[in-house]
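In order of appearance the chains are A, B, C and D, and numbering begins at 1 in each one.
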Amino acid sequence: MAGEKRIGILTSGGDCAGLNAVIRAAVHRAAHHGWEIVGIEDGTQGLLQRPVRYVTLDRNMVDGNMMRQGGTILGTTNKGDPFAYPMADGSRKDRSAEIIGGLRELGVDALIGIGGDGSMAILRKLAAIGGIKLIGIPKTIDNDLGVTETSVGFDTAVAVATEALDRLQPTAASHDRVMVLEVMGRDAGHIALSAGIAGGADVILLPEIAWSVQGIAAKIRRIQQAGRNFALVVVSEAVKTMEGAAAQQQFTDGQKRYGGIGNYVGHLIAEATGAETRVTVLGHVQRGCPPSYRDRLLASAFGVKAVDLIAEGKSDRLLAWSNRQVIDVPIEEAIKTYAAVDVDSTLVQTARGLGIYLGD
Amino acid sequence: MAGEKRIGILTSGGDCAGLNAVIRAAVHRAAHHGWEIVGIEDGTQGLLQRPVRYVTLDRNMVDGNMMRQGGTILGTTNKGDPFAYPMADGSRKDRSAEIIGGLRELGVDALIGIGGDGSMAILRKLAAIGGIKLIGIPKTIDNDLGVTETSVGFDTAVAVATEALDRLQPTAASHDRVMVLEVMGRDAGHIALSAGIAGGADVILLPEIAWSVQGIAAKIRRIQQAGRNFALVVVSEAVKTMEGAAAQQQFTDGQKRYGGIGNYVGHLIAEATGAETRVTVLGHVQRGCPPSYRDRLLASAFGVKAVDLIAEGKSDRLLAWSNRQVIDVPIEEAIKTYAAVDVDSTLVQTARGLGIYLGD
Amino acid sequence: MAGEKRIGILTSGGDCAGLNAVIRAAVHRAAHHGWEIVGIEDGTQGLLQRPVRYVTLDRNMVDGNMMRQGGTILGTTNKGDPFAYPMADGSRKDRSAEIIGGLRELGVDALIGIGGDGSMAILRKLAAIGGIKLIGIPKTIDNDLGVTETSVGFDTAVAVATEALDRLQPTAASHDRVMVLEVMGRDAGHIALSAGIAGGADVILLPEIAWSVQGIAAKIRRIQQAGRNFALVVVSEAVKTMEGAAAQQQFTDGQKRYGGIGNYVGHLIAEATGAETRVTVLGHVQRGCPPSYRDRLLASAFGVKAVDLIAEGKSDRLLAWSNRQVIDVPIEEAIKTYAAVDVDSTLVQTARGLGIYLGD
Amino acid sequence: MAGEKRIGILTSGGDCAGLNAVIRAAVHRAAHHGWEIVGIEDGTQGLLQRPVRYVTLDRNMVDGNMMRQGGTILGTTNKGDPFAYPMADGSRKDRSAEIIGGLRELGVDALIGIGGDGSMAILRKLAAIGGIKLIGIPKTIDNDLGVTETSVGFDTAVAVATEALDRLQPTAASHDRVMVLEVMGRDAGHIALSAGIAGGADVILLPEIAWSVQGIAAKIRRIQQAGRNFALVVVSEAVKTMEGAAAQQQFTDGQKRYGGIGNYVGHLIAEATGAETRVTVLGHVQRGCPPSYRDRLLASAFGVKAVDLIAEGKSDRLLAWSNRQVIDVPIEEAIKTYAAVDVDSTLVQTARGLGIYLGD
């Protein structure tokens, strides 16, 4: 039939909640247009193999429970830039031609790529060389893409981190302890900031704001003087000291010795305050949790829109959520706009307004 | 001390998740300014009694678990406009002077009122007469205030409704049933729309969009023909027929006979399709659930800002969330801007894009 | 290969949480024995059609998320006793020979039937006629099988009902309301009793204990006199008056007029106490919720044991949980031992010890 | 009034879910008898100070949300055997007389102690010296008290650990990873065993069963050969090698170097299989989570019964759950019966029946 299309879809980079809801939405929308949609397995890895590893998706496959599950039914990978692919012998090799060959073998007219900034940079190069239309959908629990207010996976990750604080508070209070929670977020403190406010933290350490052990200790002493004997501390996985190379080296060594940033900050607090301190490193439960309704909403809006943009003949665009709407922007621009926590944002002001220690 | 203030805070109207987080944030922020904050009990009801029923709030009272709980520690009421108060003998009486007297007895310099549009209309009249500064904070699970993107309580209500769909889907699929879920939202379909998309509904009935039993039946037949034998239907509590007074009367009678709108729609679907149909009326679990992290974030931002506006000497302003910021607008204007579901919004487009039946 | 077997497995009757975990466990255990296992679709319905509707199950199909989902991947039905099958013309027909023919077509050596007492009665007749070995696994959210301490699905249903009370308490307290929760359980009050105690109910109405509106009202007045202004009431779906045929007729009429037992009890309480009353009818979320860890444990123990019993050549046995072990008993005996709530049990004593009103 | 009593209640040792439900039940039951009940703060610590730190408990204080919260409103401690109390100068001192003096100051006729075996040993010595009646209630997430089928806190801890596996499975599957989850339980593997079965683990390492890295690697290879590319591994916090002192020393060193047992086992698996491995250390969220309905049921039954035993004049008895009933046994005997995982138990058989690797 004239006008029939075949669309490929893949998930790339670290997994998160909501990926399956994107896939489901795209499948439903493609069915509306009468198009076939194929899911490529394990990101670009599935395109390196022959025959290409893929699955033809239909509506009954993606209805029911699938949207409600974490992870991605297609699999994903964060290994292997195809332009400098790590070979078994330790060398790097340009395997981009194989990927493009894989896309040709699949016979797809367009590709929907769900990933972070790194994946987008690679996919647009591949799409340009291969002459394949590409629509990108932003996903990252770190929420560090500046072009979109939020990315698929972020809402769920914050919810999980907040729930952890909800569970740590009663045991902290029962034992007069300082509870330290290390959360994900890479170089951006978004998860820590939102979860910290919502979870009633007393201290939130972000990569974006300079802090000191003395400052934390002073905050904890003020709490104790006011008659409360426990405290909750949230630490982003990438916080750093801001005080020069020597201090940074000592800080890096400390993390190694104590088994990670959360454990090291816990040790420093115990040392500075004498308080009994316990540390929780939340880890991958932030990724694999069933998606929140908001991540499913966002994912659904993105999945529908991606197919509609393909119908309009657009390419090389990244979807974004902005002011209650889905918009699309050039991928090239989008991946340049890194968004750390804005220290003048409403959330930072709210945290400070609540008396939370963020830094000196 | 010069500059010392006493702030009153009250919750008014139907309760929802996040109210305690507003109270907590205001208490923390007031402590920062060195002000006392008193919680008035049961909305304006506490001001009608002598002595006025209130509690002095301090930080230790509001830390710990309180923010994580549904409801309001102050109590609330949606009875009794003080300007036309329902008396035991069935008459109405203007008791506004008693309320204002109560506020004077309390000696508050300013009042933070947490409520919906109805409460705001009353509170601003009282504040004007009594010469008391007033800052309003929007809360409603219905999310029908046009001036703010979202209100305290909405996010949690949608999450609960979505979770119900997650739980109905497997039993629907196991028994080849049509499951109907009636959700709250008064005259606005926001809860139904968001939960319906996120929860994988096949049909969403909103007060804002005309629909027909024939349309629903046709959708369910299409699903069956495609090989799936169950369907999920979400019904807003205030959906109506759009077809004139006679049809509306029949519709109202049907609701009465079958015990509510959800049950009646379930009956109509069963009749039209022959499918086995079950109905769930979600009810007050949408209000009393522990607040989601987003409701706590929003509540915290509002609570802090309300106190800061009082510090700036502002009054008669309603807080609102707009484009990632807390803004403040005149209450009078705010309560005029009712926001039903916009039929051209991204969410409606997403729902239609997914093939969900919303109307004909 | 000598010793190779083919086992059929089916789910029958109302669905509940944990069915998929039984299926998964049986598949893993059958693989250990080197046997094939086929899942029959929609209970005995799948055996009525030609070709028989079934799916061959393997370990990769049942690993991953499947065990964590509510419902049954095989589908189920509670329609249609094959010995008196309801025909389209309203007549009844013995279709048992077709079912047995279906089992022969499948070539199964043994059948694992997961169901309640009604299903077991039918399956053992079929197995006897067909000469097929049968092992039964008890599932029912009602927990009314006397031979086993607990059945698959009960734990999850109680957890959902308790969670509902957790969500109703804050809104009850905020508005000084009486909240009535109607829960499932058919003629047994087990869900109501356990959820009521765990959820902090003030009144629990069971089918097994006579109660009165006066008794409820007196309890609510005592609560109010002690200074608490809300109350939580749990009502089993099958409570009845115990006062003779006339009262029972009035009671039945009342349920009809007010739309179910929960709504009627709510009406009676409001009338008797003047308290503002709200009713929640929990419905099918008690069935479709993801299974609790305990339901998955029980299901796993049953699934493994069922296959082992087949390996031992046993038949016509129902599995049961007794004193921390899986035992097996003759199905015939098992289905005779109905277990209502024992009014001298520890849980009833605990409820009374807490001052909960159960009856006069 | 003749017959009036004052009962003390305290929580001792590590906190867990359900403690507040015990306290609530005791308060309700004491009210029934017309007795006063006082909560001693921070275990025996509150009795060391003058005035003794305590709170008089009444029904309104303990109703509402309190039962639904983790932790203990009384505070607890696992520091400081009063017979050999650690002093600031590093010495040990017998402070038992101060504790007994504290109990006399409080004027309690009887004491309800909620704790594990260590706490019970101390409390019964104190009670004997002081001539105060004592009823003990078992709480421990480790479930290592042989006399009771289950202890307060265990059910919730298993539920949290299972939920973590539910969240790790999708991300494991998406990335073809081995996910290692370290859970609590001290020297007993009960949490690991139950959560591992319910959460779909492929490997469960318990302190009670000898295991080997080779065994784990072989299991993971079998999974991969069968076409599944991820695996879930649960590790008890106290697993050990069973192969002699030298191996044990190497194992202890490895734990230190890799930051705990979970991380070390993760390292060993990665080394032996080449699989990408990620580790989650669940930590104190297993303690502070809101109590499951079962922990609340158990706690309620214990709290009621403790007060009833005091009414009967009993003392030096520990409550236990046995065969669906609360029984009471001499504390002295009870604390001798340590219950590790029974390697012939139904759960171990179920785990092996599912093909889970537990050891060689």
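What we mean here is this: contacts are C-beta pairs under 8 Å (C-beta built on N, C-alpha and C of every residue); 3 or more make two chains touch, one makes a residue touch a chain.
These figures come from a predicted structure and were not determined experimentally.
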| item | value |
| --- | --- |
| Relative to chain D, chain with the most remote C-alpha centre | B |
| Rounded Å distance between chain B and chain D, as computed from the means of their C-alpha atoms | 40 |
| Separation of chain C from chain D, taking each centre as the mean of its C-alpha atoms, in whole Å | 31 |
| Chain centre separation in whole Å, for chain D relative to chain A (CA means) | 35 |
| Two or more partner chains touched - positions in chain C | 65, 69, 169-170, 173, 290 |
| Category of the chain touch graph - line, ring, star, complete, other | complete |
| Chain B residues touching chain D - in the complex, by the definition given at the top | 65, 69 |
| Residues of chain D defined as touching chain C within the complex | 25, 28-29, 31-32, 59-60, 63-65, 67-68, 149, 155, 158-159, 162, 166, 169-170, 173, 194-195, 197-200, 226-228, 290, 292-294, 296-297, 300-301, 304-305, 307-308, 323-326, 345-347, 349-350, 353-355 |
| Residues of chain B that touch chain C when the two form their complex | 11, 14-15, 19, 42, 69-72, 75-78, 160, 164, 167-176, 179, 258-260, 263, 278-285, 287-290 |
